[in-house]
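Down below is the structure, laid out as structure tokens.
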Amino acid sequence: MRRASGSEVLGRVVETLKRLGAESVTVTQEGVVLSTVTKDRLRDFVRALIREYGESLRHSTCMGTDLRPVRGSFSVTHVLALDGLRLYLLVETEAFGNRPKVPSLTPLLPAANWAEREARDLLGIEFEGHPEPVKLILPDPWPEGVFPLRKDYPYNKKLYETPAQVRGVRGEPRFFSAKPSPPSESVREGCALIPVGPYHPALHEPEYYELYVEGERIVEARYRGFFVHRGMEKLAESRMTINQVPFLAERICGICGYTHACAYCQAVEAAARIEVPERALYIRSILLEIERLHSHILWFGVAFHMLGFDTGFMAMWRIREEVMRVAEALTGNRKTYGMNLVGGVRRDIDEGKASLVLRMLESVEGEFRRFCDSVLSMREVVERVKEVGVLTREDARRLGAVGPHARASGLGIDVRVDHPYAAYRFVDVNVAVRDSCDVLARILVRYDEVIESVRLIRELLKNMPKGELMAEYGDLPPLRVGLGATEAPRGEDIHLVITGRGNKLYRWRPRAPSYVNLATVPTMLEGERLANAPIIIASIDPCFSCTDHVVVVDLRTGVRRRMNLLRNALTRG
Amino acid sequence: MSAASPLLACAFILVNVASLAVLALILDGVDRKVRARVQRRVGPPILQTLYDVLKLYRRPVTRDELAGPFHSVAPALAFATSLVGAAVIPSLLPTSGFQGDLIVAVYLISSVSAITSFGAASSGIPFSVVGGWREASLMMTSELVLGATVAAIASSSGSLMLSSLMPLIRPSTVKVSPIIALASLALLTYVEGGRLPFEIAEAEPELAGGVASGYGGPSLALLMHSLLLKRVLLATLFLDLLVPWGAISNALGAPLGLAVRALAFTLALTLVSLVSAVIEALYGRCRPGHAISIVKKALIVSGVALIAACVGF
Amino acid sequence: MGTWFRRSTWVFHLNSGSCNGCDIEVLNMFAPTQDVERLGVKLVGSPLHADVIVFTGPVTFQALPYVIEALKAVPNPKAVVACGSCACGGGIWHDSYNVVGGINALYEILDALGIPRPPTVYVPGCPPKPEAMMYGVLLARGMVGQRQRREVYVEEVKEVEAPQDVREVVAKAVKAFRGGEA
Amino acid sequence: MVEGLGKRVVTEAYPWAPLEVPEGFRGKPVIDPEKCVGCGSCVNACPPNALTLSDDGRHRVVKLFLGRCIFCGRCEEVCPFNAIELTKEFELATSSTEDLVQEVRLVMAKCTVCGRPYATLREVRKVAESLPENLRGLAYVCPDCRGRISSYFVGFARR
């Protein structure tokens, strides 16, 4: 009922966009509409859009681009998702000058906060009216006024050229003067500070949380992340060619890398109008589900470990090992599948490999069900996760949560259904939704998704058509925009590309799901007991390396302030 | 039966202390092996904890400027205390015993916890402080339970001497209070033994080692060793109150009786350890508040036992 | 390399900005199938307790000060097992603006700061199999031999010049070209 | 959960017994120095620049640094002579990064006209083989000189 025919909906949306004052409206690819707006009308345009589409409009990400060599300007492209209508709206606006200024959308759509600050850091675009215009992405000692993503910055110019430069005054390295967070201006009397990270056994990645506790209760939580900014966007735009980037994209994340490789390839294929053979689409979907399987089971293990339940951890990782072995047999590596190139896949799944997969599914499904059922029937376990780390539906929507995290707060969004890609066009996906909004709900959603993945792989294997694995294509047309979106194990993963000349990229902007989900963590932590902190942080299945490919937070601002500003923005908007 | 000459008594004590100290490490190895087996893996060698401790003694001593002076002394003090505990409590071999050694034993066992948590609290490391705080709050409650239990047993058997307490073997009447008291002591042995779900003070994923996180090298070895020894001492106390070891050795006469007693005792200790390890493998860590509330329930039970003992049941 | 940790190896996991792939495989070593605990290896949460640092990631500039702190916190003597291509040589990011470029580049900074380099075992792979890491740990303990060696092939050719007939033809061509010029 | 006690242990025998890796495993890449001609296709395809090319006057050096390799297998895919392939070898740990290097040094051909080394002798011979006999001489001339004298060959071929 929800879905009128695609073209009808599209026609109506294009009509609306024109009516609301878009300068030009083009359908760039299936399900993606690009409208350009002058920067003075941007806010009004988006405000009108919010009025028009209300709750269903979600800010997904934004991409800043240095178009000076081409058009003499900078551009900012916001990606707004209309999940119900199966559409992504790209809203592009242009700005000129060395410190270009565009109006900020954060007061209207709080989820735009980090993405805008990222563009500010990397490209020097000022967002007027941004509630918190401070450094987010680059490392602390990064000099002011230097923007690595601008085309005139060499990709390999390191922050420090020689080891000796690291050594600053007083014999101490200059770095060391930078503490991960400021001496707090608002720490309450009688609070103890518990720093979690950057190295903490609960986090297998360097991340930093500061928890202010009274006894065991957390009164304030601050997050400081982005230790894993490796400058990959710049590498992709400069050193690499389009068929090298899939391998770079895969290394955004070691757990859900393949989903990034897929999203990237989809984006380039969309930009260059490459028709990928159907068999390749099926193979991609199968591997994506295998990845989801291993990622979710891994998460179960980690969650049990956080609860101190090591037998659960061991059982999950034992079950997961079978998935890893099959992944290795299918692709040649347990983790980095390396299966994708633009236009298709590199290896086939033949009969023998298919039967290997089916055997694995059989045993994994049985064992996983049996073990988790018996754990979830234990009162001690359920007690520890029930009504812990609550994120209300309202907060989830406003902060732009995605994936299982959003689905556990009652939002039924899933890219596989809302914006079908790969072989999900040919199969029905059941979306697991729970509405108790706590850690337990997140466990149950992922439980359902494991079972659903098993079913999907079986169906995909059964329906897989014969045919080619790779499309033929020539040189890419330059300066075309492409968008690729996939449902990573952690939620919506979105890649935007602008093609360049000579089989290179002009711009690449990946946005991983944890990027938006992480912003919800401090909200969930406040008022909780310290012992619950690890399981709450873990419950969003945070993948810091996904997020941090581009970002680092400023020292002088704590999350607390940021969250308050967000709330203020929410009440005002 | 107690040793005839002071020299022999000293020898008995030495044997007890040495063998408990070694057993504490080996039984932890057994624990790890059992847990691994439940998790369907091979697990470390039985002597692994022994290797770990021996290695730690060869590691350098670490010092932290932030730590208070008590921090660095605490492990040695805790270890010494637990060794004295091992000397006082009859285990493999009988000790000569003195009136009130039950009180001393309980006091020494509690002291190990107290020293550890104070040591952690003066480390200046946040995780360690929280761990110490947890340890202390768990200890406060469980010491009450221990006290009430001991009082119940003592009043029902009319003695405070460990070797003469045989609360369950009373030819005349079967009493209820010692049984309840022993049940709550069994729970306490498990809880204070630092086992999951009550292992909240070290809490690896939450507190990065908690009370132990400020120590390294030999002091960590001492701390580990004294905590493991404390675990064994609690089990020993429990076994002493449950099984009439003296009667076994008396019935057979020295030296055969002593040998049988030592062997039986070791087996019993291993059994307690095995059972605890299997239980432990099935649980996650509970919330610190929850752990304490469980211990509070045990407090009610032991209170009931005490009242019952006073009334004469 | 080190014999003091041959029977008991306590490992501190240090991620310097890696993609997670290696980190998950490090954890995977402790899973039932690989179960390195049977070799006496234990993962510890505090650097004070560790003998060996399992190092992953290409070292981002943001993580650098904390990485150095953590390295210093592990008491000497210690050993490092650098897991993954990022740690061994910077991996795919080696020349990016925000990446130091692997553990050897980090060691150069340590040299400049006057901190001694710990002995290091390098485990390439992207990510290495858990078994490959296990092998690396055993190599650090001196319990297995190193299999990978530097391989250099130098081609030996006696005759570098083009064949006689070709040279003659080319000489004619050159002459013809010169003639054309003139 | 206690059922685990009754079941078999899943731990593998490695490192005490060799480990079976599946067909198609992407392990250590090995250059076959006999087949390699130093054309540089793999170097162009390699995403992390683990494969590099350099000239030292007499030799062209194809260098593979395993410590940077991401084991993607693109080199294997693009090599026109199947000179590089990914093996099943995974026990690559070393105590020095020096040991992670594979180097193939191939003799350079000197231009018959100007004497400058411009490509490996093997590559030149391969090219020469693929050319018709009357044009073969062109392969032994560097690209710069080739432009100048090729008209002679074209004329020669016509004749």
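To keep things simple, chains are lettered A, B, C and D as they appear, and every chain counts its residues starting from 1.
Note that in this section contacts are C-beta pairs under 8 Å (C-beta built on N, C-alpha and C of every residue); 3 or more make two chains touch, one makes a residue touch a chain.
These figures come from a predicted structure and were not determined experimentally.
Between the chain pairs A-C and B-D, more C-beta pairs are in contact across A-C.
Centroids of chain A and chain C (each the mean of its C-alpha atoms) stand 29 Å apart. Distance from the chain B centre to the chain D centre is 65 Å, each centre being the mean of its Cα atoms. Between chain A and chain D, the centres computed from C-alpha atoms are 37 Å apart. Here the CA centre of chain C is 21 Å from the CA centre of chain D. Residue positions 1, 4, 9-11, 21, 47-49, 70-72 of chain D are each in touch with at least two other chains. For chain B, residues that reach two or more other chains under the stated contact definition are 38-42, 204-205, 208, 281-282. Within chain C, the positions touching two or more other chains are listed as 32-33, 35, 38, 45, 91-92, 95, 126, 129.
The touch graph of these protein chains is complete, with an edge between every pair of chains.
Contacts from chain C toward chain B in the complex involve residues 4-5, 7-8, 10, 32-33, 35, 37-38, 40, 42, 44-46, 48-49, 51, 75-76. Note for the complex: chain B touches chain D at residues 37-42, 278, 281-282.
By the touch rule above, chain C contacts chain D in their complex via residues 1, 32-35, 38-39, 81, 85, 88-92, 94-95, 102, 104, 119-126, 128-129, 131-132, 134-136, 138-139, 144, 146-155, 157, 160-162, 166-167, 169-174, 176-177, 180. Of all the residues in chain B, the ones that touch chain A in their complex are 35, 38-41, 126-127, 129-130, 196-197, 199-200, 203-206, 208, 281-290. Residues 1-2, 4-5, 7-11 of chain D are the ones touching chain B in the complex.
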